[in-house]
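These are the structures in question, set out in turn.
You will see chain A twice below: alongside chain B first, and alongside chain C after that.
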Partner chain A sequence: MDWDVVVESFPLIWKGASKTVSLFAWSLAAGTVLGLAVALMKLSSAKPLSWFATLFSWLFRGVPLLILLFYAFFALPEVGWLLSPFWAAVLGLSLWTAAYQAEAIRSGIIAVDHGQTEGSDALGMTRSHTMRRIIIPQSIRIMVPPFTSNATTLLKQTSLATLVTVPEMTLLTQRIFSNNFKFIEPIFVLAMIYLAMTTVLIIGQQIVERAFRLKT
Partner chain B sequence: MSSDALVTVSGLHKSFGDVEVLRGIDFEVRRGEVVAIIGPSGSGKTTMLRCVNLLERPSAGRIEVDGQVLCEQQADGSMSFSGKAEIRAIREHVGMVFQKFNLFPHFTAVENVIEAPMAVRGMSRQDANARAFELLESVGLAHKADSYPLQLSGGQQQRVAIARALAMDPGLMLFDEVTSSVDPELAGEILLVMKRLAQDGMTMLVVTHEMGFAAEVADRVLFIDHGVIVEEGPAKEVLGDPKRQRTRSFLRAVLERAPMVEDGMDDDGQ
Partner chain C sequence: MELDWGVVARAWDLLIDGTWVTLQLFAWSLLLGTVLGLVLALMRLSKYRVLRWVSLGYVWLFRGIPVLVALFFAFFVFGRQVGLSALQAGVLGLGTSAAAYKAEIIRAGIMSVDPGQFEAAECLAMTRRRYMRRIIIPQGIRVMVPTYMSNTILVLKVSSVAVAIGIVELTGITRQLSNSTNRPIELFTAAALIYLFLTTVLIVLQEFLERRFALKT
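The block that comes next holds the complex of A and B.
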């Protein structure tokens, strides 16, 4: 491996890091909010809501992410909805990650001991208060590990936005090797940056887990 | 029916799938009365208690608490239940203490106690805190106010749970085998708190295996088996001189740790 090429390619690739991070941050935020809504719908006793939520998870977990991105970027304009490459990618990534977040959130909620709901019910608390103050805070502790694996996967999958022309790190890397035909170094740099970013997420997981650990 | 009945239950049935757990229960609890419910494991005593605040929805029967009808059977046999808001309103005035405490583990003891008064009653944090400290003091745990449930012993957790229920100023307290998941030497501190509560005039419905407590504190005892009340009466009579074979066999099993006689049919064939 030629270290000069490594040093040369790093700044060129790093220029795309902010796009990668924005894709990730927007999609994670939108996908988590949507995922929470889908999780609550799936747990709802209102049949139409739980059917809708089931359909949502089934669809967006069942279709390849790349096809969602192609839909958002190539197909939506045909029906008159033109999105920039960036927002088309955020749309596809958000829907896809929401389906996974919904499952992570739902599993966290149902893992909280039923006695907690009964304790609140017996005190006359409303369902929404119980959810907000009692169940969700306790479920966060349980959902941190699956949440982090979804986030790590999402971060890596932002690389697919290359294929809908978002100038994120992977696209910039491709530009380098299609110019100079040096593959080893740019791809190595790209891999190391992704690895550094996912490492930050995993360290974050440990910090959050420590913060939510029950005091004994 | 006496006019001072706080709880009136009639024709109560409850099935889980094909299993009929309660098969026609009638009883009432008068204001200020302490009623102990005893019976073998699986007899339906816990289910019966949980019907009183509708944590379990009866399959049939009528329940009235403090003049409010929680559920009753319609002419066509279907059950009608109070709306969500009415059920919540009843539960505000009916405290419940569970076998497994069901404290909120992410809240400290005092936070457990103030949550419902603030959320349900709209009490200010200051007032709720002041009341919570009084209650924790009364169960001997003022010094543990800032401890988390998992930092407390089972006996302490259960006393916090009692304080939490009392914070809503209930007119009726339901106790569901509240000493069954604590170490035997810690049961006494819970029973002492309950005894004081009874002396202060609280109306209590107590599912228990503590025969000593039932004999000493309860005004009346209901012995339930296979989903029906087999025997009921003043504590001294039911516990001291039971009329039914089934009751005698159960009490012997509890007090002498002798196996229950299963083939001994009851006098009336139960």
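The block that comes next holds the complex of A and C.
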């Protein structure tokens, strides 16, 4: 490995870091909101809602992310929905991560002791009030590990956006392959940046877990 | 716009060829990932510090980078030096990445076995290799099945990433067909249904295995 090439490659790849981070941030935000909605629908007593939520999870967890990205990028324009590569990628990533986050959120909610729901009912609280004030705050502690591990996966999967031509880090790395015929050095740089990013997320997870730990 | 589902019928043989490549990639990378994952899990539980560190470093590295980066390394760096075909490099990249996850799953399964089982096996003077094979791993499998299988479903779906190193598997052939016929909706829907069929088969298999390995009470 040639260290001069490593040093040359770094700024070229680092230019894509902001695209990688914004893909991640938008998809995580949209995916979490959608995932929460799907989780609540799945827990709903209204049959059509819970069926819809089950179908959503089955569909978006059963199909590879890349198929979703290609669908958003190649197929949606056919029905007149022309998205830029960036937003097509955000759409695919959001739907995909929402299906996983819905499971993380749902398992957190059902892990809260049933006595809490009964207690709120006995106090005459409405269902939405119970959810918002009693159940969800307690379930966050349980959700943190699966939620952040999904988020870490999402961060890594933003690399697939290169296949729908979003100029994020992986695409800029491939550009070095074809321009300079250098391989190991740019791959090394790319791996190190991703490792640094995922390590930051894992440390963040530990901090959040400690903040939400029960004080006994 | 008019949908023409006939294009799926006309392209069906090619889609099946692509599915076959996907299944080959999946099967070989699952095998590599499982064997390497088992070795890494046993290394992590070893009494030798060096082995534990190597295993820890491997898992940290491969869980920290996207599978696409592992594929690039297998194809552009390792594959070129050793002269691997694209399919072999794909199996190597997907398998080495899967191994990091399999290692954690297998380790969690082994650690879930009651410590009394280890102690009893040692009291009976069984060697470590023997009691691992005969006592611990068979009991660990029951705990591993759900996580192992859901990771296996991921391995199947992640094999689609191999399109990035030019392997024409199901996703790759669908993209080519979509470009040449300009019928993306029909073709990607067909590919999605084939993947859904394959993942549903694996989910059914998971439920079967969970029942098969459940404790008889």
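What we mean here is this: the second predicted complex is superposed on the first by the 216 of 216 C-alpha atoms of A that agree within 3 Å, B and C clash if a C-alpha of one lies under 4 Å from a C-alpha of the other, contacts with A are read in each partner's own complex, and residues count from 1 in each chain.
One rule holds for everything that comes next: a contact is a pair of C-beta atoms (placed from the backbone, for glycine too) under 8 Å apart; a residue touches a chain by one contact, two chains touch by 3 or more.
Because the structure is a prediction, the values reported are computed rather than measured.
Touch counts on chain A: comparing chain C and chain B, the chain ahead is C. Legend: residue contacts after superposition of the two complexes on their common chain; A:162 is shown touching chain C, with no touch to chain B. In the superposed model, A:14 makes contact with neither chain B nor chain C. When both complexes are overlaid on chain A, the residue A:87 reaches neither chain B nor chain C. After overlaying the two complexes on the shared chain, residue contacts for A:119 are found with chain B alone; chain C is out of touch. Contact with neither chain B nor chain C is seen for A:52 once the two complexes are overlaid on the shared chain. Of the two partner chains, chain C is the only one that A:79 touches; chain B does not reach it. Touching chain A in their complex are the following residues of chain C: 1, 60-61, 63-69, 72-73, 76-77, 80, 157-161, 163-164, 171, 174-175, 178, 184-185, 188-189, 191-192, 195-196, 199-200. Considering their complex, residues 53, 55, 88-89, 91-92, 94-96, 98, 100, 102-106, 115-116, 119-120, 148, 150-151, 164-165, 168 of chain B touch chain A. Contact residues of chain A toward chain B in the complex are 113, 115-116, 118-126, 129, 133-134, 137-138, 214-216. Put simply, chain A touches chain C in their complex at residues 58-59, 61-67, 70-71, 74-75, 78-79, 156-157, 159-160, 162-163, 170, 173, 177, 183-184, 187, 190-191, 194-195, 198-199.
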